[in-house]
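In what follows, chain A forms one complex with chain B and a second complex with chain C.
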Partner chain A sequence: MTTEPITTEAKKVRNFSLLSNRAGAAFLTPAGLLVSVFVIVPFFWVIFVSFTNRTLLGRTALNPEFVGLANYLALFDPATFFQRGQFGFSLILTTQFVLASALIGQALLGLLLAWLIQTVPPWIKRLTETFVIAAWILPEVVIGFAWFAFLDRDAGTLNMMLNAIGLPSGDFLLDQPFWVIVVFNTWRGAAFSMMLFNSAFSSIPPSYFQAADVAGATSWQKFRDIAVPLIRGHIVTNLILITMWTFNTFTPFLLTNGGPSYRTELVSIYNYRVAFQDFQFGKGAAVGVIMMLINLAFALVYLSIGRKKKAPGT
Partner chain B sequence: MASVAFSKVTKSFGEFKAVSDVSFDIGDGEFVCLLGPSGCGKTTSLRMIAGLETPTSGQVMIGGEDVTHFHPKDRNIAMVFQDYALYPHMNLADNIAYPLKVRGEAVSKRHARAKEVADVLKIGHLLDRLPSQISGGQQQRTSLARALVYPAQVYLFDEPLSNLDAKLRLEARGFLNHLQRDMGMTAVYVTHDQAEAMALATRIAVMDQGRIVQYASPIEIYRRPATTFVANFVGNPPMNLVEVEATKDDGKLQLKADGLTIAALPMTDAIGTALAAGSKLTLGIRPEHLDVAGAGAPNTITAPLFANENMGPESLVTIDRGEGARVTARIFTDDHIALGETVTLGFAADHVHLFDSAGKRIPEING
Partner chain C sequence: MKFPALFGRIAFSTLAALIGAAFALPLLWFLFAPFNARAELGLAIPDPFTLSNFNTVFGNGFAMQALWNSLIQAVGGVILVGAAATLAAYALSRSSIPGKGAVTYILLLFSSVVSGSAAMVPIFLIISAAGLMDTHLAVILTFAGGLLPTAMFILRDFIDSIPKSYEESAMVAGASPVQAFFDVALPVIRPGIVVIVVWSFVNIWGSFLIPFILLRSSANMPAAVAIYSFYSEAGTPVVTLLAAYSLIYSLPVVALYLFVSWRFGFRFFGGIKA
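Now for the complex of A and B:
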């Protein structure tokens, strides 16, 4: 009888916090230091470097000078902006790449696949999901090499298959480099969209579709009138995420090195070439800052939509 | 409108037979209730009429046509779902008019028709609301409106009232009854509520463990339940069942059980057949046919009082015969009934039902 009230009192004192504020702060410090050393400091460092003419070698390697907006002005110089191998060219290329491989390729293909596997028997659905996830969890470098081997002109699997059915070989990496990286990125990322849309479709009560079946709706009408409107939030989230990821992706470099003659040089690859192949750190940092700003814009759109979704709540 | 028929329909889910070898006919314009406890196969049967499930074997006919392997959209049916299945992103007008939209009707035309139906169901003023902005009863009527908005051969109802509270359920039940009188629709209605089935159906199919136990009019099911299962399922409270030991004595049937006195019944051929199979019979008496009896009455059952519930127009008096075997009398009086420790309930001999040792009804024991 006497112990019971004491235990209940002890519970009240605890008040859901596991540690005191001081102990919590002590545990957070190491992680906080690591984050600031590897994330926050480089973030400001890149912004600082983008205003200098710092290089790897030469006079400006040790004594970089403050050049103001010169790096940015050089990037946006109207005379060279659209030339191959320049910033504008690679920005436009990246936009095309995002439109073709992320929005049309990954999202549309993922949506279509997710819709199709709703109606198949459960074991086919599970098998498809397993394969799709397997393709998705493979490391980038492995995938890059596998695709390189697949597309090789002389001993590539694709050409061997084409020859077997009597079609001529092609040098895809040289002739169609842009479409190669588009197909590659679609293949690489459709799994994510498919999984996301698949789980979104699964969250719709089956009676919605059954009611539509009974009412006489076709598969396309169910897709257009019920499925898509009900997962609109998932679609927006997915589009923004894959746009950001595709905008920043570097993996196509493993296939084409950004070439031939800059034809697959996405902004991330352009950034890498300027900073770590041409060793113009100042200019490279400026490209990095612009990419950060573009990502920031995407992130703000994403956050504002996320907030809007919660606000009405009806 | 059209007739519906099941011919030797079986539906298995793996090892489990949800519906086994069921056959029945539903006439044009009939309102048939499939009644039974959870898992008896009634919803599966309904879904096979709708085409949402395909029978493992057997045939489903609508309007004389074999539709066993037809897609739901090709069956020209309408269905009301238990969870209503209203589309949360469409307002009521669009929800109700959706079947017309998929048929390619113009917006103005289909909204006019939705308004017509909604007015009949008294939700016409809510058409621009979303389903989340209306009450449960209004949602139920919206899903009913969506089923009524286009002409269908058969209307299917999957426990449409089970999510409503008691008062709304009574109201909706009355409305459905009125609608059936008005439209004369062919309807199949699944419910586990025997009162709903009794009130709405022209015929009731009582189901148990994937089979139809009895398929008859509500009155017939009430008056002559085919088995102890039906007797126990229909009626509120259900029929009292008393296990009795039967003996043939002097050409008459003597029934014995603790606390029971009953005048000997005349022997019939049917009783003779039942006795040959086993002498343990079940005596059935409906609660409304029992009353508190004075001493010396001919047909009585006596046991200690268990409960005495006054409910306004009627009282339920329950006596406990031990081991959970209770007998309830439904007595129509708005007075409190004063009772002692032990109560004797009396009944008339012509209100007695007898079931054989397998639980099947012994016919015509009262001539």
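Now for the complex of A and C:
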């Protein structure tokens, strides 16, 4: 602010700024426009729509009225909040889903896998990695259908195996839909945690482990006392990222459609149903606003950690 | 003390192999069914082994059209993301525009807050207001906007790691800044661009929700949505068609993954999935 034009000019010459401010602005324009229209405008538009009674069809589709907090009051109506197919039920279900499938399932399984593949023979490492990563990179609709076939009541691979060892078949999509999507999401996303922890482990100097070996430490001791404390930062980063992704995921819809009877209706699926099947855009927008606020909380924590890490120069 | 160590190694290997096998199980069906003319939802070794399912897919106009639509949308999105992200990342790295840091922070924040499933209502309304409902352009633009922030950060880090002296010497030799960008910087940045291009392609190719909301006519449906309609609306799924189609539809993703892991090691592929 206080620098005179001449100093700025001098600095520019010294740094030999490769791109003038005008060219820089021109270079930023296409990306700036696209991001503004499809990321920043939606953020504010969804807040605006959430205060209206806009619908997809009918009179209020074209002339929505301002309804104040009505949509939020409907979502948080204590009389129905916890009922199946209502917002509260969906929010609690999503919380359980994130806890079980991301924080416990993906993170622990990823940590275990990353630790195991450090020591096993290369061919086992490659084979295990291949399948874990395949589960992660294949398109979601393909994965959804593969699991649909896998869990089929009459002929599915899972029931075939259960029968082979003398256990009765089960219709898991009907009887245990919540646990199905928990296992499904763990399976689908463990690869990311595995790869992140794997690269974290390989950044630890091997001499630490060699010293522990000399002292006769077991694998568990090395894991608990050397590896985990050293990658604590990676663990926090990983937990926040997979929490955000799992909270926003829509993929279970492809396996269960949110059912049976709303038992797998995560907030993303609830948002879809309210807006695009019940055609209540105002209420759907209110759900979107609450989702974004939750995302915002996680993102702020994540970014503040990222900044702290950068500050000392690591 | 050799015996416990050996025992531990065997236990570790067995456990890793078992987890690997558990991850493979849901995909096993998917390896056999496409080659079985009488495939059902059960696991069965194809007998006889046949490619007839693929012939059925290639003869199905709707299915082929959907693959073509996926290609249009993914390539369109990739061109936009690639071009806009390269320009923007270069400006963020090489110019001294005031407020660069703040812009970066805000973009990073917004891009993680505004997810597709939280913003489906406003995205629908924006596309609808722009008169783009049920067009390829709707899907292309939406994905470009959503993927750009992450693509920009990946590329900016990449460009930051390239010494400025390349372009500086070109400019000393009389090149204009724009020439220095196109003739000197761009060839050096290319590996970074390849990474974000592959990453965006895989993201758009595999995504279901955005085209599901923004498209209505079957003439515009990408494979991700077409596949889904094969088994949910027909009542009973056409398993043979679906299995072969899923395999064809997955091939580009697998091929690109192999390409990136061969060329750069797979950690690049990870990064941040939208």
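Odds and ends about this structure:
Here is the rule we use: the second predicted complex is superposed on the first by the 284 of 314 C-alpha atoms of A that agree within 3 Å, B and C clash if a C-alpha of one lies under 4 Å from a C-alpha of the other, contacts with A are read in each partner's own complex, and residues count from 1 in each chain.
Throughout what follows, a contact is a pair of C-beta atoms (placed from the backbone, for glycine too) under 8 Å apart; a residue touches a chain by one contact, two chains touch by 3 or more.
Since the model is a prediction, treat every value here as computed from it, not as a measurement.
Contacts of A:217 after superposition on the shared chain: chain B is touched, whereas chain C is not. In the superposed three-chain model, the partner touching more residues of chain A is C, compared with the other of chain B and chain C. Contact with neither chain B nor chain C is seen for A:63 once the two complexes are overlaid on the shared chain. Of the two partner chains placed by superposition, only chain B is touched by A:226; chain C is not. With both structures placed on the common chain, the touch criterion links A:205 to chain B but leaves chain C unconnected.
Comparing the two complexes, residues 216, 218 of chain A contact chain B in one case and chain C in the other. For chain A in complex with chain C, the touching residues are 12, 15-21, 23-25, 27-28, 30-32, 34-35, 37-43, 45-46, 49, 109, 112-113, 116-117, 119-121, 124-125, 127-135, 137-150, 152, 154-158, 160-161, 187, 190, 192, 195-196, 199, 216, 218-219, 241, 244-245, 248-251, 254, 257, 268, 271-272, 275-276, 281, 284-285, 288, 291-292, 295-296, 298-300, 302-303.
Those residues of chain B that touch chain A in the complex are listed here as 50-52, 71-73, 75, 77-79, 81-83, 85, 87-89, 98-99, 101-103, 130, 132-133, 143, 146, 150, 156. Of all residues in chain C, only 1, 8-9, 12-13, 15-17, 19-21, 23-30, 33, 40-43, 80, 83-85, 87-88, 90-92, 94-98, 105, 107-126, 141-142, 144-146, 148-149, 152, 164, 167-168, 171, 177-178, 180-181, 202, 205-209, 213, 223-225, 227-228, 231-232, 237, 239, 242, 246, 249-250, 253-254, 257, 266-267, 269-270, 272-273 touch chain A in the complex they form.
Contact residues on chain A toward chain B in their complex (touch as defined above): 205, 207-208, 210-218, 221, 225-226, 229-230, 314.
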